[in-house]
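In what comes next, chain A is part of two complexes: it sits with chain B in the first one and with chain C in the second one.
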Partner chain A sequence: MSVVQLAFYFMALVTLGSALTVAISKNLVRSIFMFFITLFGLAGLYVLALADFVAVTQIVIYVGGILVLILFAFMLSGKEALEAAQKQSSRFVSLKNLPSLLLALFFLVVMINVIFKADVANLQWLKEANGTQNVIGVNESMINNIGVNLMTRYLLPFEAISVLLMLALVGAAHLSRKEDMRG
Partner chain B sequence: MNFYVTYFLTAAGLFGFVGAFTLFGVWGERKISAFIQNRLGPTETGKFGSLQTLADIVKLLQKELIIPAAADKVLFLMAPGIIFIAVYLGFAALPWAPGLVPSQINIGLYYIFAIISIETLGILMAGWGSNNKYSILGAMRSAAQIISYEIPAGFAVISAVMIAQTLNLQTIAMQQGILSSETSKFLGMWDVSKIGGILSWNVFQAPHLLVAFVIYFIASLAESNRAPFDIPEAESELVAGFHTEFTGPQFALVFLAEYSMMFLVSMVGVILFLGAWNTPLPNIGSVTLATWTTGTVWGIVWILAKTMALVAVQMWIRWTLPRLRVDQLMNLCWKVLTPLAFACMLLSGVWRLWVM
Partner chain C sequence: MITLTDFMVVSAVLFCTGLFIIVSKKNAIQILIGIELMLNAAILNLVAFGKYDRVNNSGQIFALFAIILAAATTAVALAIILNVYKQYKTINPDQIKDLKD
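What follows is the complex of A and B.
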């Protein structure tokens, strides 16, 4: 096995193992910190796939932003709510878990279907791009490409997302205002 | 397999440097604070007290590692390590001299910003793991502060990146001196590609970057939890903030992280705005000072000198200005620095389109 393969299996093991621990662990804080390891392992997998920009973005957005926000929400919430969450019965097979179990199973079927139908080794668009030399090399900068594409081809989705985020901001500001200050 | 050995040697060398810098930095800070407060500072151990921190660290490492009974042991033990490793990983992408960079990454600057944000997580971990209200208050304050100040810092950095058109730190460094393959213009009008020196630094290539640099510097003080932004460890109200419960080697790691962070943010500032490893001396006619003082050794000398100067300014500010209150801190960030940083970014775009 080459070093890259070894690294891949190691990262995959770390990611899956920590993800399992996140789901199983009864200690909520530990789960959140374990999630950090999952995200980091995922970033490592992206690096192995030569998608360094995606890897770094993953860390900036998920670790630096979302995970810290989750922690904030956790630390600011009351003790009663947390205890109720931790006291949930952890029996794997029970009627309460049936919907989630079904959902997970269906999702698994979809995923397996995708993997078997994709035929990653000879994708049509990959072959075309290779044929016309329309590819970015390992050592070339890809941020210029991403920037140009965001501002031309994908401008509408980009702007739609920014409007969505703006709405979320306005909503958050409205919700956090005190009652008597309204009007 | 030879290059693996090189990787490990580089990593060990950087670690050694960080340790040495912390020892030197703590001593320097005590001397500077003593000078500002009209005292003598450490004088007994070694010449001018220079071995004082070495003695301190020996004492610190011998101390017992105390874990509070009610603490979350795993988180408590891991937190200082994560705080330090987050900062230490950032050093991988910093260029030291022409052709001398531990890891040549296309998106080096972005990588550093990402990896630094992990420090927040380590601090929250320390605060929660300690199971102490002072710790958790300090950790929450620290996280809030770091997240807020990442915005003006980010936009100040983006305005420099828009001028440089790359995230590769070595390329950004290269553009600010005589080794540049592009033309660099002093204030956008005088071609100084062959003259180099201080005239081709980014802050003089585009003057609004001077404002961006000041914004970045202020924000970087907040990101490394240094006074006047040290409310996370405000001694008068929070004992020692998130590291209240740490003793011995763990406390040493937290300290190491703080000083490495100071060095890291200063070095990033130097690379982006103050000419990186380029010499400040310009070529004047046949007296080619810039050509004489450019090279691997000179590069290391210049970047170390510039970064140390910035670190000294950080210490100077710490011992001169009083601590900001939390509302003043947020006012400064959101109402002053962020709009200014946005203006800088806009100016950068205009500058790139019409002047360069």
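What follows is the complex of A and C.
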């Protein structure tokens, strides 16, 4: 077993373990910080999939932006939210959680079945990519290529997403205005 | 060698964890975390398949777009959650029954 494989299994274990802890824990603060660890584990998995730029973006945007926002919302929504979170039943497999647990498990069984039936290793386009050397190598840096592609081939989605981001900013600012300022 | 199937299995488990969180939790912020987990599972698949596109980088670029979309969604959703809290003094989605007053 190579080092890369060991690193993959370690990262997968960290990611899935902390995600499951988010699901199990009744404490809201603990689940938010466990989500933080999940995001770091996912960034590690992206590095192992040879997407270093996406991994760095994941850390900057998710950990720097989204997590801080979530913490702010948690603190601003005050004491009642904390109490409501504490009142949830502590056991993972309780009668109240049973339907959702069953739903998730059945969905997992279906998805695992689909994954193993799909046989992704023998897909046609993957074989063509292997044949034409269209595979990212281990010591290549893709950041140049991503920048060029973003400004040429994917310019339309890039512009669309910039407009959407501005709309979301304006919308969020409008929604969180004070009540008496609303005209 | 890490195969694509490994990545897909990890992402399937992550997706189902997110689904469980969304269905079972009684707190809007935790439901939002579940949605983020599901989005991240999808992004992991995009990135894993993006390895086989060296020229166009489609997988990685759409993973970047998905991350940005997730950020925009979270900002709006948290603004909505704060407004709901101001109105109802709770963020339990089960207790929010009427649309206006």
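The criterion applied here is as follows: the second predicted complex is superposed on the first by the 148 of 183 C-alpha atoms of A that agree within 3 Å, B and C clash if a C-alpha of one lies under 4 Å from a C-alpha of the other, contacts with A are read in each partner's own complex, and residues count from 1 in each chain.
Everything that follows uses one rule, which is that a residue touches a chain if its C-beta (ideal position, glycine included) is under 8 Å from a C-beta of that chain, and two chains touch if they have at least 3 such contacts.
On a predicted model such as this, the values are computed, not experimentally measured, just so you know.
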Touch check for A:V170: first (chain B), second (chain C), both, or neither? neither
On the A-aligned overlay, A:F53 touches which partner chain: chain B = first, chain C = second, or both, or neither? both
Which holds for A:V135: it touches chain B only (first), chain C only (second), both, or neither? second
Once chain A of both complexes is superposed, is A:L16 in touch with chain B (first), chain C (second), both, or neither? second
Contact-wise, after the overlay, does A:F36 reach chain B, chain C, both or neither (first, second, both, neither)? first
Which partner chains sit in contact with A:R153 here, chain B, chain C, both or neither? Use first/second/both/neither. second
More chain A residues in contact [chain B versus chain C]: C
Regarding the shared-chain residue A:L6, is it in contact with chain B (first), chain C (second), both, or neither? neither
Where chain A meets both chain C and chain B, residue numbers: 53, 57, 65, 72, 140, 142
State the interface residues of chain A toward chain B in the complex, per the touch definition above. 29-30, 33, 36, 52-53, 56-57, 59-60, 63-65, 67-68, 71-72, 75, 139-144
Touching residues on chain A, where the partner in the complex is chain C: 2, 4-5, 8, 12, 15-16, 19-20, 22-23, 28, 31-32, 35, 38-39, 42, 45-46, 48-51, 53-54, 57-58, 61-62, 65-66, 69-70, 72-74, 76-78, 80-81, 84-85, 88, 96-97, 99-101, 103-105, 107-108, 111-112, 115-116, 120-121, 125-126, 129-130, 133-136, 140, 142, 145-146, 149-150, 153-154, 157, 161, 164-165, 168-169, 171-173, 175-176, 179
Can you check the complex and tell me which residues of chain C touch chain A? 1-10, 12-21, 23-27, 29-30, 32-33, 36-37, 40, 43-44, 47-48, 50-57, 59-61, 63-65, 67-76, 78-83, 85-86, 89-92
Chain B - residues contacting chain A, complex: 72, 74-75, 105-107, 110-111, 113-115, 117-118, 120-121, 124-125, 128, 136, 140, 143, 147, 150, 165-168
